[in-house]
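Just below is one structure, and these are the notes that go with it.
Chain lettering (A, B, C and D) follows the sequence in which the chains are written, and residue indices restart at 1 in each chain.
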């Protein structure tokens, strides 16, 4: 995917980009609210689809700048990048995790939102390189099985992005625990990815606590399948 | 209990239903306040008794819609169902746990409120299928003994409701830990059920923490009985 | 200590009682703020000294009514009792722990404030009947050694009060963990007792966490003594 | 370093001192916000450099008074001391940890901010005298390796300050866990030291949680080095 670089937001995407900036700014408030991040850690991004570019190479992503305090997040402060992670619009350097977000959008066309945090319990599983076993009905609902572990990968090239994509492609799980690092979650849009980040930490914590005093009881695969199927198709408002 | 379906709120219950909607909406705020839920999980319901229907088949319940954010809860947004879980009034689909709430009201006439959460520590005991032993005086006060475990049950039929009723009928406990799922609590009204949900998590947490470093000391049955009796009859304002 | 019952607040104590009501009401807000209580649990009291009664039998105490929500606490709602726990002034029944507070005031003339909570970590130590070992300099500062355990005692007579007094009399510690129940703390006034309650939970939690992964290092007795002496005499504003 | 005592803030430092008072006052709010302190514990200081005193002996520090409630912190309430810890300006006695802060400034000229807390998880590692192993990429980023332990030291002379300096001098870590006591962190200014305090507790907690259920996977030294180098030079806005 090497293309003519995108040097500014095309006019036909202006409204969509501005709407995404507002949405992404608002959703960042959910990360400290649910205690998934401290200080400036963590980030939320959303894809802006370019309908004139059916192969997706014209798509953009909106993300938080690097090192910005959660107190200073506004729609205007958000930055826009292409799907190779290059800055297209914005006064600040994009989040240092932008390359990983961009790689996911470029290689998983169905993904519309990505979230990264260092939430405590998910990160603790990640530090041991252990998947979270599916022992809660809410896990079967949201993740359809265990939350898997991705490889150890160093920031700076596309190895984090590749690790996320290789782990989540073909998986029911919307969350991956990158080894020694922390969770990345995906969704149809940024809000769904934030929901997955919140629930990932919730199940990481509840299963951790349960394992502290013994062995949680497994849920039979047929029940996991039934719960997942129902939740994806029936829960919420239709 | 198969009856003529109730297709609208009867005029003589209008005022009681509206009052219950306000009360149930307000009580939902207690769930995130005491950190019993994340995102849209959890729900509170209250029974509206129909005095013209002495067998209870005309009673209604007020509950939160499915997947509604805690930021968007208003009295108007609450929905009304009959005791078979069918929607009687409201613009949205009722909580996916409505069938369980309805089953409890239909089979436990003394119950006026039901609460369901995935609160972390109670859910952790539930994942192991272990009851919480009665080793705190506040447990003896509120629950009169251990908090029991209910069966594994799949959402979608009345098996969750049956599991709750079979576990709590004849028990002093106002809380049941549904295996691999989470706690349900009951009370004379919705506020009492919320109180039981708050205290269930509190004792689940304190006993968990105590068990992490050794064995909590048991409380003699005669003392459990004396504490329970006193608390039910003396505590609070008469 | 059987005396003519006090049937109303004497005129010469009116101003002091009203001031104590405001102070006690305000201090109750510290208990949920520092997450020491849930729902209506916990209470703060303060002694009002009667200078015309040198033996202390004319002293009063101000405390929260039984079962009052933390949202509804006002100076006016506070109740006044004598040191046998009898209601002297107020529209509501006093806290069900009033007898314990009263017993402490009656038998420890130097105590001006008492606090009771079910704070999680302190209660967890209490459930095992284990004192908190003095392995933190902040424990040596505030408590001058371990936080001791008091006996199992049933509410309803003066056995809780006796257990507190027998454990704390002659001890440096301002906190006692009543077995299977929770902490009581004392101080020169209500604010000092609240501070002790906050620090009791803090050290209960930090020492618990430390013990989870091994054995905390002891602090030599001479250092405990030096720290305690300094903190009692140098810390804060003179 | 024995000099003519500084008896008042020199006129040429007035503006810098006032700015530091505001900054230090504001930064104190971060300690309870991130749950690093309870009651009046903890303190933040910042160095005010005196450019007319190239050896640093004319530098001042701004710090919180001893025992001041976080509710009462204002720029005006902050106090000014010289680098021997003597009060230069202010109505109240300086924090009882001032001698330790002053020693660090006097012996580490590159340090512009110091923070001390009793944050729970960092203090728990300190109570066992165990360093926090570097098993998270965010630790490699911020601390460049393990968070080390400093010696047991008694307040009252310069032994705490010496312990901090001997442990951190020549280390990549901006945090030291003083044995049986708690963390001290340093930074180029007070904000950087607060950030280090927040991240120190975050990694102390996540690594603790990870260790509870097994052994975290180590990160190879070359990866620790690469992460540290990148974070110090690339992260944030340039």
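Note that in this section a contact is a pair of C-beta atoms (placed from the backbone, for glycine too) under 8 Å apart; a residue touches a chain by one contact, two chains touch by 3 or more.
For each chain, UniProt lists the protein as follows: A, B, C, D = L-ribulose-5-phosphate 4-epimerase.
Quick caveat: nothing in here was measured; it's all calculated off a predicted structure.
Using the touch definition from the top, list the chains contacting both chain B and chain C.
none
Tell me the rotation angle, 0 to 180 degrees, that brings the C-alpha atoms of chain A onto chain B, to the nearest 5.
90
Could you find the chain whose CA centre sits the greatest distance from that of chain C?
Here the answer is chain A, farthest from chain C.
Indicate whether more than half of the residue numbers at the chain A-chain D interface occur in both copies; give same if so and different if not.
Under half of the interface numbering overlaps between copies: different.
With centres defined as the mean C-alpha position, give me the chain A-chain D separation in Å.
Result: the chain centres lie 33 Å from each other.
Using mean CA coordinates as chain centres, what's the gap between chain B and chain D in Å?
Computed value for the inter-centroid distance: 47 Å.
Mind pulling the chain B residues that touch 2 or more other chains?
Within chain B, residues 212 contact more than one other chain.
Which chains are in touch, pair by pair?
Final set of chain pairs in contact is A-B, A-D, B-C, C-D.
So in the complex, which bits of chain D are touching chain A?
34, 135-138, 195, 198-199, 202, 205-207, 209-210, 212-217, 219, 223, 226-227, 230, 234-238
Spell out the residues on chain C that touch chain B in their complex, using ranges where they run on.
Per the stated touch rule, the residues are 38-41, 65-67, 92-93, 96, 118, 120-121, 123-125, 127-130, 152, 154-156, 179-182, 208, 211-212.
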